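Here the structure comes first, spelled out in structure tokens, and everything after it is commentary.
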Amino acid sequence: MELSKEKLLWMYQKMVEIRQFELKVDELFKKNMIWGTCHLYVGEEATAVGACAALNPDDYITSTHRGHGHTIAKGADLKKMMAELLGKETGYCKGRGGSMHIVDVSTGNLGANGIVAGGIPIATGAALASKLKKDNKVTICFFGDGAANEGVFHESLNMAGLWKLPVVYICENNLYGMSNPVSKSTAVKDIAQRAESYNMPGVIVDGNDIVEVYKAVKEAVDRARRGEGATLIESKTYRWLGHSKSDPRVYRTREEEEEWKKKDPIKRFEKYLEETTDITKDELEEINKKVEQEIEEAYQFAINSPDPRVEDLAKYVYA
Amino acid sequence: MANIVTMPKLGMTMTSGKITKWLKNEGERVAQGEPLLEIETDKVTMEEEASFSGVLLKILAKEGETVQVNQPIAIIGQQGENIEDLLKQSNVIEEQKEPQQKEAVEAKEPILEQQQTLKPTKPRATPVARKIAKEHGIDLTQIKGGGPSGRIQRKDVEEYLKNLQQKQLPIQEEPKSQPVTYTKTIPLVGMRGIIANKMKQSVNTAPHYYVTMEINMEEILKLKDTLNQKLQDTKITINTILIKASSIAIKEYPIINSFVQDDQIILKDQINIGLAVALEEGLIVPVIREADKKGLSEIAYEERQLIEKAREGKLTPDEYSGGSFTISNLGMFDVTRFTAIINQPEVAILAVGKIKDTPIVQNGQIGIKPIMEVTLSSDHRVIDGAVAAKFSKRIKEILEDPLQLML
Amino acid sequence: MTEKLYIDALAEAIREEFDRDPNVFMMGEDIGIYGGAFGVTKGMYEKYKDKLIETPISEAGIVGAAVGAALVGMRPIVEIMFSDFLTLPMEWIVNQAAKLRYMTGGQLKVPMVIRTPMGSGTGAAAQHSQSFPAIFAHIPGLKVVMPATPYDVKGLLKAAVRDDNPVLFFEHKLLYWTKGEVPEEDYIVPIGKAEIKREGKDITIIAGSITVPRSLEAAEELKTYGIDAEVIDIKSLSPLDEETIVKSVIKTGKILIVEDDNKNYGWGAEVLSKLVESEAFDYLDYPIQRLAGKNVPIPYNPQLERAAVPQTEDIVQKVRSIFDK
């Protein structure tokens, strides 16, 4: 499972894009330029990018309310994302969806979802369609530790295990469902243990190690594509910021946060690249600068875009 | 700065008016106070003067259109002025304009209407019954509802309409063998419709009864001649004298000057005497206001003015509404005696016949005297027989002893 | 044309859609060899093994998966065994299927049909007898139909399968074994169109699903009282065909709405409100009347069960009272 230099640089760039995009969003939110709320992905970049790196461009993903990372990792246009967050007509959802509903059909992204576990049966259905159509596509279903306790988690994984569907369930266990720690919400220690109930492999990975994530997901994706069925991967990670923009984070200590920041997935990947490849610091620095510019362009595009017209309020209710 | 000309309210009861003629064309100058257009209300046509000087920039309501009071009908301003905004503004209002051909505006009595706004009472009727009634200018209070709780339904209105139409057809018998042909049908709309409705309503709601009295006119005729010799432009008529005499009598019997509303008899204070005037297309009752406070020559002058205006169709609504009591004189058609239908909301009407030389016994002697028969129709809900008799008697006394007119 | 049972016309539509479009398939509990709880897919399993996905008892999971399949180009038909069970996948109908298109600015579409038997009259009591299509008609983004005849069930199912929106398809259980003319050739009954099933001039009876045959029966009986009733089959609750009902009411001026659903906040109230807001208002000649299910859970005892929803004689009675006959 050798990763090419090109792929490694792509992975690095996507992680940086996510990090910088989210920090820009945080800034805009504080300036009161973003309506509603946002759930930021800072700290979890390795999971989305490592997983999507294992997919073909036309494979599917389903995402969550904390979806910016998955969407960028699958190849979304930052301009359209930023425009959507600012509620503009040029946004992915023409300003109708906002942060929690970004969908990018062109990259096989079936969408973020405002309902916890919303993507789980949808991903299962997409995989069922692939099986029926024999189109050889694989679907990755991202969800959080909280979603694993919803009823449809059971219903869906049972069907996927039963029918050997080409789907990879990736549980991003960031330790808290809003404020509720996994230890208080979940009977088992590791969510991956539950895979056994559905007759599928359960794998635990260090979610802040992009290479490890990539390897585990790649194996699961290959397995799914071979028709051997679904896998449940639990990616242990941590969100640096609050659950949403209104979270004072009283349920966890600053010390814990500092501990996890030391495990910064981007820093770790930089170290990995330095130690195991001939990629130079300058190359990485260049990527950072390039992304910075991309983010600024996205912001300029969004801010200068028109709002949707009120006359079009009822557009898109029906096909 | 251009101004919107709106449909003026030309009488207390007017809700809409029909534009019969524009006296100025678009682009023509018009001075404040200069006649601008002619407006027809339910019974009369009136000239309306311009309230602003300037150029008639735009006519918004064409001849023949009926427009609600206060709705825009034209724009007057300076030549070349931009009136886009005003046009927009008036378009918005214009949409509320009444559909054109609506001729028959419901006749409402001013006082009744005031009462109605204070105390809304409305017959129980279904939406479609209301719609049809409105289209035909029918007052729903005249229709008896056949639905649950007396609700007026479509069927009731349609039957009512059918009855009206049947009454309209010629009554004379045609030989049975021949097919019935009609030369003309006259729709019961406009003035005809209003008369039909009002008379029917009066007969249906007011229990009428009649009191007749003979009046010796010898003295009054002498007085009339004497006075007329002294007057130049004005002529005092029998009607002038009857107007004055009845106004005096009403003052003494104020119950005559009342109307019925919601189980109440409401007394009015002004004594306004109406005089029925026959017209080609019907009749109208112009009103001499506060006749009790006016002298004979003043009444005579007003009487002539009003009759002329009535014949030209130029009475304003205020000139034919708000009466206390009506005098209907058919003497000039050689009628000796008749009974009249009360002109509601009034409660009595005096039907006057011709003055006829009649042999009568006076102080044991047979003499020939000019006698006039008057018949008072009264609404028994309000006026009892004795009151009607006393009131008639009072009129008789005044006429037979005309000096009382001067008091 | 041949006479067919409602259930057979429905099955025929499913088969024909399977044959027509490779993306059409069906998901549901016991729809395989067993043929579905009411036997709609009976005898299909041999030929359509690949099209009939027999699922675990996981209504939320099934409907959610159907949404996912629809997003990637399939046209699933989901059978929910009893419409009462629609409460379980409510999330996937209301928050997902109905909204995905709108939330994504038109990027996604969700062409799927949820078929389900509804209604009382089988002694199945409160959790297996409800009719509540109106709940779904309240949700923007969903279409809701409830065919009353074999002809309509076939034509509407085809229309629903070919529609690019999620369609809730309600089949009253007592209609399954009713008969009617069904043509051999392929045809569609458009969603969103009501139909005058019987012309009349005195009163408009607006019915849907099971209340259509009951209203037609009542209309025949009303003839003997000299009342000529028009019967409209509403067919689709969403979108609602205002034009047909408004026109009819302008003609007759009197309305009786007959619903199998219980009355409070039912679809008849929406029809009524549309009528009163429309030009039909001016033609009303009697207060609008509604005859609907009682506001009770459906009881078990057969007398009680029968009394809980409008029967033919209730319709006759109601109309007679309107005409004082």
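For the reader, a short list of remarks on this structure follows.
Here the chain labels run A, B and C in written order, and each chain numbers its own residues starting at 1.
Operating definition for what follows: a contact is a pair of C-beta atoms (placed from the backbone, for glycine too) under 8 Å apart; a residue touches a chain by one contact, two chains touch by 3 or more.
These numbers were taken from a predicted model, which means no experiment stands behind them.
Here the chain pair with the top count of touching C-beta pairs is A-C. Chain centres were defined as the mean of their Cα atoms; on that basis the chain farthest from subunit B turns out to be A.
Centroids built from CA atoms put subunit B at 85 Å from subunit A. The centroid of the Cα atoms in subunit A and the matching centroid in subunit C are 40 Å apart. Each chain gets one centre point, the mean of its Cα atoms, and the points for subunit B and subunit C are 61 Å apart.
Residues of subunit C touching subunit A in their complex: 23, 25, 50, 53, 55-56, 58, 60-74, 76, 91-92, 95-96, 100-111, 140-141, 143, 163-165. Partner subunit C is touched in their complex by these residues of subunit B: 126-131, 147-148, 153-154.
Interface residues of subunit A facing subunit C in the complex, by the touch rule stated above, are 60, 62, 91-97, 101, 103-105, 110-111, 113-115, 118, 120-130, 132-133, 151-152, 154-156, 158-159, 162, 315-319. Partner subunit B is touched in their complex by these residues of subunit C: 253, 281-286, 324.
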